[in-house]
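Each of the next two complexes has subunit A plus one other chain: subunit B in the first, subunit C in the second.
Right, the complex of A and B next:
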């Protein structure tokens, strides 16, 4: 805790410094392009990205649009609207993460139990991730509508589809990770398979699972946003991005603001898993040390 | 042993943390149903009906939103759920798969799906004209399809290009050889940045977007005099757009669905008539259905949509057979359709019966005239 406590302010400082540096680079690049007429200084080679306000709006415009009302005459600012949209997407992503993680862990246990299924399922699990999400999304949404799922639930399923993969693969590796002597020890106690699973394999799998959870959490946000864009579900960031993209030429800073909100949501869920990991693995570290 | 228990406690803490997060997420995730189910005592039963749109809530679909908001569907004993479109949502496919009871679709796109085996029927031709333009800056000197020769011409593709292809061919300019067709995004950036000479635009959306953009040369918004348009209605290759499509199999055999269809078209037409006569209130209904929508843009859009509907000489929803024939002719000559569709592709019966249900409503709008709408920057 003290270690973490000492590092936190430094961490925040570093993140802010990078942010400021990025904004300075952004504005500097714009200023350079404006000064040279869109070429590298001293040459007539064109810059890779145009520097006009339509392509790269000023940082202050992007920040400024956050406090403007989202609809003329309305009370709600864009920032508040984006936070609400992010919360909506977070809920979809959280369900997707939960469903995907449970399903992924279930798969890992099944594959641990049966080497036949291990060999049979693994190729399909790999193939499942090569199917483009934009091909899958409308299938899930249409299928959901003709059964009992709402569009929002269908979006969560799409998020779950991205989530289960890292959990299943890393989970299996983690469950297999205890050394033979530990397993033999459990055997010598005549421990049933389930006891070995809960008392030995799961604790040993934690260091494998949390990297997977981190990946899965950010993927669940990606899945939720893509699902929203695909199906047109209203209320979340995907819909907002699509909306603002369609009106990019009349308000590019709004799209940038929505993209920043999506990135922050990704950071937020990543942060949640990091906190969960710190709590869950602290015992592990103590064990290793002592 | 102490380590073991503290370990367990931590695991439990993590579990609680996650559980709390999900419980919080679960709260308020209930879909708020928009229906205030109770309605007038005249209905024996209320039919649950879903309508699939091509895109998000905007004034292009104002009539349907107004019919929900003003209770015109309720008068017809219907509880209508409007399904918004998305990138991968094809309305006629949703209709064909049974995921929606009715769908709004452009006629040529729907007929292509029909030829591919999706059994759907046009039961109400709402738009009587095409809203598609090819827009260029006035100084480019493109005033007709013949002037496209040698230019870079933007088009959205995916079935949105047939009027352009047929219109330029009719003027003796061959697409692809005499001019270059460029895949265009659904914004007007490419035209404004000068990457293309002419851009595809709907009167009610993208055309207005240009007028909501500041002209870097003057520091003021672009004006209509800065622009030149090719209107396919004038060229003679216009194709019919937004229409109400119904399930063909059900409409052939299911008496309850037939009756429901008549009532659905009636409520919809009444909604459109209300939006014609109460444009400002109708814009407010649209704005309430989408937080990010700009007021001046939607006001412009509704005015342009009203131009596409009114006047409806035969009554809104009733097919303009000459324009239907022209749509088929363009579609077959451009090999979009392999042949003319059979007689079942549209039926006038439901629109006619619907208009009889709402005989107190002016469904022709011969006296209506458009207003002048001032667009603000960004359409706000």
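Right, the complex of A and C next:
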């Protein structure tokens, strides 16, 4: 078995253990607060976060609300509703990821080709990421409405905006990573620039690209959710979070459930990139001589 | 133009960063002819321009002045025509490619069919005695084996000229001697011309028909030593004539350093 194969069950175990530990801490903290009346034991210093059921609902309540119907008297449970919403957001994020990655790689290639553009573009690429998404999202949505873009497409574009950055930056580093010797070797074959790109630079860039893809995948979910919230697009987790936040006082556990759903979606897309990485790098992960 | 030399170097100079900060005169007024089928070694103090001279012949860099012809054509044309194969000190294998695919890389770039490539890489693997490793990845091979793969790659399209820059530099002494014998037998079999950069006096003496001793930077040809040891066999290394040549090369190297 490969090292990866051996590691996988262990990793799942570790993740579950951390989850259990976290739930235990959560409940332990609540219990402590309830016992002392909201202060650190033996002192009168107040706890940083209140432990009442509105601020911190019980773990079992959060889990319990998952199987409650979303609408009073309806058939659909909250869990099913959240999965549907997550799927909707996932599609937006996936488009954003794809567009952002292609754009990011394109930028990396352009910057590789021209040191002038490399120097000219890099500061702007950096600055682009300092613009708060909250400010940018409504602008993109508004622009989208004046053109052919639907709101959902505008949301994907917002996700792409976060995605392209790590791909461009790491991609460029990866494309530049082959040693001079390898580049000279390709030169000695009189290989055209494109052949050097495909047969040397891209394969060599994979170890740089996959960490970027992992980050970009998670960012694309963040971008999609924030985009939904700013545009009011219905159907995805962003809207759900907005709604549940509005009704927090009557059902705090629902917002927590929606946040957990977003986190799981993030984990899911992260997992997809990990699988993609293992497929793409499978040769290099071999260790034992066959 | 004359067709009778494999490599013809005429009054070649190379200055890096000419007219800029960090200007380095690497080699100066080099004239050198290498005959077809000849094995010529370049030896000299570190930094004297051996690699530079080799890269000039390969047209990986251009001379500041002078001309270089390979098989009677300008070096640039020879590179486009794939007239030479090249091997470096580090094997430079692509670690995402299996051994056979590494050997096939130049063939792929030349547009050979898959079937022809397979056939040739199998043949080359037999030549360097690594038949069983076609489907391994480079990391699964020892340094010496990787170097053999690099040589197989350089020879895969059977170029008439092989340019090698300290190809055995990173190997232990035993592996090195073994590889030297292997290279000689491969070279003889394919009738290849070889220009070979080395730091090892014994290696130069054992392998070469002629040894070119370069002076310190900017490198100039200090002396060319003819070596005639007949057919090389492992016992050649114990031949008194071999020791005589090694001493001659050593003394030549000493005298360039002393003249510095």
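Please note the rule applied: the second predicted complex is superposed on the first by the 282 of 290 C-alpha atoms of A that agree within 3 Å, B and C clash if a C-alpha of one lies under 4 Å from a C-alpha of the other, contacts with A are read in each partner's own complex, and residues count from 1 in each chain.
Simple rule for what comes next: a contact is a pair of C-beta atoms (placed from the backbone, for glycine too) under 8 Å apart; a residue touches a chain by one contact, two chains touch by 3 or more.
Bear in mind that the values here come from a model prediction, so they are computed numbers and not experimental data.
Participant: Decide which partner touches more residues of subunit A, taking subunit B and subunit C as the two options.
Facilitator: B
Participant: After superposition on the shared chain, which partner residues are touched by A:152: those of subunit B (first), subunit C (second), both, or neither?
Facilitator: First partner only.
Participant: By the touch definition at the top of the document, which applies to A:195: first (subunit B), second (subunit C), both, or neither?
Facilitator: Touch status of A:195: second partner only.
Participant: Pick one for A:114: touches subunit B only (first), subunit C only (second), both, or neither.
Facilitator: neither
Participant: Should A:126 be classified as contacting the first partner (subunit B), the second (subunit C), both, or neither?
Facilitator: In the superposition, A:126 touches no partner, neither subunit B nor subunit C.
Participant: May I ask you to decide whether A:231 touches subunit B, subunit C, both, or neither, giving the answer as first, second, both or neither?
Facilitator: Only subunit B is touched by A:231; subunit C is not.
Participant: Counting only touches as set out at the top, which of subunit B and subunit C does A:185 meet: first, second, both, neither?
Facilitator: So A:185 only meets subunit C here.
Participant: Under the contact rule defined above, give the subunit A residues that sit at the interface with subunit B and also at the interface with subunit C.
Facilitator: In the superposed arrangement, which is not itself an observed complex, subunit A uses residues 203, 283-284, 286, 290 for both subunit B and subunit C.
Participant: Mind listing the subunit A positions that touch subunit C in their complex?
Facilitator: 179, 181-182, 184-185, 187-191, 195, 199-200, 203-204, 206, 281, 283-284, 286, 289-290
Participant: Name, in rising order, each residue of subunit A that touches subunit B in their complex.
Facilitator: 50, 52, 54, 70-74, 76, 81, 90-91, 94-95, 98, 134, 137-138, 141-142, 145-146, 150-152, 203, 228-234, 239-240, 242-251, 272, 275-276, 279-280, 282-284, 286-287, 290
Participant: In the complex of these two chains, what residues of subunit C are touching subunit A?
Facilitator: Touch list, subunit C to subunit A: 55, 58, 60, 79-80, 82, 84-86, 88, 90, 92, 94-98, 105-106, 108-110, 135-137, 139-140.
Participant: Which positions of subunit B touch subunit A when the two form their complex?
Facilitator: 3, 6-7, 10-11, 13-14, 17-18, 21-22, 25-26, 28-29, 31, 55-57, 83-89, 93-94, 97-100, 186-189, 192-193, 209-210, 212-213, 216, 287, 290-296, 376-380
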